[in-house]
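One structure, pasted below without further comment.
First chain written, first letter: the chains are A, B, C, D and E, and each begins at residue 1.
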Amino acid sequence: MSALLSLRNVWVEYGEKVVLEKVNLEVSEGAFLSIIGPSGAGKSSLLRLILGQEAPTRGQVLLGGEPLEPQCGPDRGVVFQRYSVFPHMSVLGNVMFGLECPAAPIAARLFGSARRKAMGEAAAMLHAVGLGDSLNLYPAQMSGGMQQRLAIAQALIKRPRILLLDEPFGALDPGIRADMHGLITQLWRDYGLTIVMVTHDIKEAFTLGTRVLALDKRRHDPHAPHRYGATAVYDLPLRTAPAVVPPAPPQPDPNPLSAAAS
Amino acid sequence: SGGASAPAEKKTEFSIGWSIYAGWMPWPYAQQAGIVKKWEDKYHLKIKIVQVNDYVESINQYTAGKLDGVTLANMDALTIPAAGGKDTTAVILGDYSNGNDGVLLKGATNLSAIKGRSVNLVELSVSHYLLARALEKGGMTMTDVKTVNTADADIVGAFASPDVTAAVAWNPQLSVMRAQPGVTQVFSSADIPGEILDLLVVDSATLKANPDLGKALAGIWYDTVQLMMKQDASGKAARAAMAKLAGAAPETFDSQLKTTFLYTDPKAAVAAAQSPALVTTMTRVRDFSFAKGLFKGATSADAVGMAFPGGKTLGDAQHVTLRFDDSYMKLAADGKL
Amino acid sequence: MRWINWHLSKRDRLIAGGAPIVLLLVIYLVTAVQRHAANPSDKILPLPSGMAKAITDLLTTPDPLSGHLVFWADTLASLQRLGLGLGIATLFALVLGLLIGALPPVRAALSPLVTGIAVIPPIALLPILFIALGLGETSKIVLIAIGVAPVMVRDIAAHVGSLPREQIIKAETLGANSWQIIVRVALPQAMPRLIQAIRLALGPAWVFLISAEAVASDIGLGYRIFLVRRYLAMDVIIPYVAWIALLAILADLVLAATSRRMFPWAHEAAR
Amino acid sequence: MRWINWHLSKRDRLIAGGAPIVLLLVIYLVTAVQRHAANPSDKILPLPSGMAKAITDLLTTPDPLSGHLVFWADTLASLQRLGLGLGIATLFALVLGLLIGALPPVRAALSPLVTGIAVIPPIALLPILFIALGLGETSKIVLIAIGVAPVMVRDIAAHVGSLPREQIIKAETLGANSWQIIVRVALPQAMPRLIQAIRLALGPAWVFLISAEAVASDIGLGYRIFLVRRYLAMDVIIPYVAWIALLAILADLVLAATSRRMFPWAHEAAR
Amino acid sequence: MSALLSLRNVWVEYGEKVVLEKVNLEVSEGAFLSIIGPSGAGKSSLLRLILGQEAPTRGQVLLGGEPLEPQCGPDRGVVFQRYSVFPHMSVLGNVMFGLECPAAPIAARLFGSARRKAMGEAAAMLHAVGLGDSLNLYPAQMSGGMQQRLAIAQALIKRPRILLLDEPFGALDPGIRADMHGLITQLWRDYGLTIVMVTHDIKEAFTLGTRVLALDKRRHDPHAPHRYGATAVYDLPLRTAPAVVPPAPPQPDPNPLSAAAS
């Protein structure tokens, strides 16, 4: 099976500072890749590369065998580290936007029954992330975790071929986090998505992923800490793609408080 | 666009620009009182009387061909349209300033006190010319004073400022400035009668193609001035209406008329146009203008040609761009309109 | 209580805001009375009685041209020109500002031109403007539009250009093309700024309106001001200016309220 | 490639930006040549040769007053007035903008006044300015300052007022009092916006400078323009306006570069 | 021992929406209070109350027995949920600011040896949070986790009497998170701070805190979800204040990756 996404000897540098060096990576279709690594290692930078938001200083990023265009398309979905939603759209509007764009190229809005259908779909997704009661709020009226869930709903509704998640569950409590795990896994399985997820929760990385990649510096020059960048120090394949062996959905703990307090 | 060579077609709609000045108020009044309409009907044409708040802009608009005729002073007719190559004909010699322009001093009663002062005036205008003539008569030259260009709309306010002690202005501003305490008028256009003329000029080509326009304009003008100079109630009402159009009180307007020598009688106007004094005046004016660099790029004061009634010319006879034409006033004098 | 946290009650805000204005009025009055004591026919700082009389005249005299009362005819004519000029400028600001701010090729092509137009003082080119557009309403409206539009265009373009890059990327992952990003992401977020830009442009717009009416007009607040300026009739000018300020402040308040009502998300403090 | 992502190379940007300007120049040239074919002494759209000649004259003729060459004397006088006027306006914008934006009591007290001054067209009240300040340099500089400062003050105040509330709270927890918050939190973050405000104010500042010089002056770019307007000498006006535009664009570029160099944090896209 | 901080029947409402209802809470000096609860329960709102950033709709907040002024002072320190640092100051400048303010009331800057001393102190704190190599970066040039650590360093350098932390370690990898735990615990013990920390990591809440408070809705009206607010559903005292029995500093796992991967 040829790789959906390949990074060939990729370097990312900001001025003098080397962030990523010699990163080689092949991600096959349907994989769920967890990326872990210390803060500042370059995990978000790696996602920005795949997104086409930034170009590598050296090396190549290939998508489906083709060099990546320096722009992002609807084949990729993203949840940024800092929950970035559109501040001027209501919760429902934020999620509907992804449905309206492809359906209404000129008006960029849906009307009538098409609109009602999109609203229903968006509301269902929002219910799934637990925001069913907040459809008409603006992002500024929501808590951090609610904004993060909104960003997740916004990305999931498109069922993108490649989904890039940057610490998507960081601001969520264990209960809701478990719900989210279930949701993501189900969509991943049902639609054969390819997912690249950055997380700091090692358990999460191993439960959800079919493969775990650890980014860290191999070398460190104490007098010039910016001289060496991070690269893949571990790359652990856990399972094969879901089409072959679907992973078991994680079992959310029904009462995380009592479990931890005991 | 109006070049001398541009062939003008016959047309029936014309626009004449005017700006606020005692000697030009008959024009808007004529429109308001239906006199324009009367002559329009007679010659089967339409004449739009257009107010332009800014005097310079009204001349610019005429020069650019946006107006067919405009009211202006003789010096400006020479330096703006005529020097710009636009063949211009003065159809009506309306009046001359007989005290409507003046030199004012604060804290002095004699012209000689102007020496060394800064004088606020609209540079390169008839005020400038008046100042030059005043200095000449007082045995001084332009180098004896320093001029500060001041917009005509702002000169009254500027003169109220304590650091301004000398100014040259025209009416209605002049009368307001003169009313300030401690101000004396030390020289005025009454000291050089007939030199500052107020004209109605029309594009020569247009006039040639449409002589009826000249007749209608002359008809309107003499009807109106004769009405306004009547010393009865109708004349008074006309003058009051003109005052209102100028934004002035009737008394102020009347006092401004006193310092305006209006040629109410077309015969007098024709006489003035034919008099050799006009050539003398225009020679003085153009020499002043040339010395001030108003004939852009010309090497001599003769660069602009002028033609007077009776075939007299001044300057370059090959390129006459300012013509004093007495024929329409003569028709009025003869009652043949 | 630190000053930075000292939020006044509505009543106190009114008092605090009114005080300096009242103070200025008192200073004016005192100076005017002094000047009139020295010279009873002083024209520069008229007394309220004089102004009241002058304005009553204008409020009761019909305009010879239109037949309407002068004061209202002037107001109507000026507001119409101002509205049209500002409207055109707003339209330009919105369309050009969005395109320049959002699309790099358009920015490359038009931003030098807009900067060029922005820095050319339009009053210096008044003769050309009047010659090109005539002495009618068009040239006045265009002067206002040319005078205020470039600043507004540049303001909106800068605002749109500084939208977080993440928002654009996010929209692209949601399948939006350039046009959709402009109308659904950039446009709505530019709207509150546009209203702010209009509020800031109100002052300059009046300046251009008055300049235009000073040159070629026969009606309008600016025309009247310049007409009576020849007689230094401050008793007309000051009430007219006060009236202009009042109209502009009303417009400012209405715009501010509109923005708060229509774009609540832009006025909530970010959390 | 979507337009929104289409970043041009430096070379292409120059070409794209130059094209519309060159196009306008060509249109001008063609029209001017046509007009001159019809009337060789046309004044309204002078040919480049005519403009070159007129400017050469001004470049070689000494000004009778100062003895300097007219062109440079005009430029120097105008730049000095503009610099002082803009400088004062900037100072006001900074001080008042910071205070109004940061301190609610100051906002309550001064913001209605500033709005009032912002919407009063200063050219309408010139006579009062003359009485108070005379006709010399002061009144010109003050006219520029009064003309542009209110917009700048309101812009800075709005910007400071919309700083995230969290930043203020954070600073207070770090022991900062109102003054320290103003100088260390609000001031530095207002600086890039101030530079942007100056850039936007350059156009209006020239307008007010030219108006001031048109009213009463004996030297300056605006003086010359209004003087020669008396005989429609577009061959002087157009080069003067082009020169003004060039100076203003240079100032704009310098300001933009200064902001990028001095406040790099404000120009990095947020992450 | 009288309470340092008391909330008496406190309600927080946004328009129609009741966020917190009938919250009663007494926090004694030297306590380390962990607050947990589902996303959107009102944890951040509670912190904003204590901070003086918002006033309760009903009820009273008392600090040292006095009603809380509606403004915030240097006795309280805060790390906000969205790492909010000053974008215009370098990393070092951000941390030094807290030292400069009290020392230089007029200049708001230090000079000469005082400045060098403050720089040394700030640099030491930045080393402790692992930003020793990034002193001259601006926040926009840092990763999410680095900005979060900067915000922590900024708050800690003041050693405030009450420290309010809103998910302060959410964006950190396990290794660095453990270092932070050690740092906070040590400062808490050494300076007798009172700490209120919101977290989603139940383990963290129980290891660090002397007391754990759970916020949640007691009642729920499915037709009007905004009608009822959250309140304290659990309030578990774990240990007494550190002055009496200092808690053992948590032992950071030296290699979290291998531990999790095994």
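To be clear about the criterion, a contact is a pair of C-beta atoms (placed from the backbone, for glycine too) under 8 Å apart; a residue touches a chain by one contact, two chains touch by 3 or more.
Being a predicted model, the structure only gives us computed values, none of them experimental.
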Chains adjacent to chain A and to chain C under the stated definition are D, E
How many angstrom lie between the CA centroids of chain D and chain E, rounded to a whole number? 47
Distance between the CA centroids of chain B and chain C (whole Å) is 37
Between chain B and chain D, what is the separation of their C-alpha centroids in Å? 38
Which residues of chain B are in contact with two or more other chains? 60, 64, 154, 156-157, 160
Residue numbers in chain E touching two or more further chains are 44, 71, 82, 141-144
Shared-contact residues (touching 2 or more other chains) in chain C: 2, 5, 44, 126-127, 131, 164-165, 172, 177, 229, 232, 269-271
Which category does the touching pattern between chains fall into here: line, ring, star, complete, or other? other
Between which chains does touch occur? A-C, A-D, A-E, B-C, B-D, C-D, C-E, D-E
Counting only contacts in the complex, chain C reaches chain D at residues 2-8, 12-13, 16-21, 24, 44-45, 102-106, 108-113, 115-116, 118-128, 131, 147, 150-151, 154-155, 158, 164-165, 168, 172, 177-178, 181-182, 196, 199-200, 202-204, 206-207, 209-211, 222, 225, 229, 232, 234, 237-238, 240-241, 244-245, 248-249, 252, 269-270
Residues of chain B touching chain C in the complex: 17, 20, 32, 50-54, 57-58, 60-61, 64, 66, 152-154, 156-157, 160, 172-173, 176, 179, 181, 241, 244-245, 247-248, 252
Chain A to chain E touching residues, read off their complex: 14, 36-40, 43-44, 81-82, 130, 133-134, 141-146, 148-149, 167, 170-177, 200, 202-203, 205-206, 212, 214, 225-226, 234, 236, 256-257, 259-261
Looking at the complex, which residues from chain B come into contact with chain D? 1-6, 56, 59-60, 63-64, 76, 79-80, 83-86, 120, 122-125, 146-151, 154, 156-158, 160-164, 294, 296-297
What residues on chain E touch chain D, complex-wise? 51, 53, 71-74, 76-78, 80, 82, 84-89, 97-98, 100-102, 105-106, 108-109, 138-144, 154-155, 158, 160
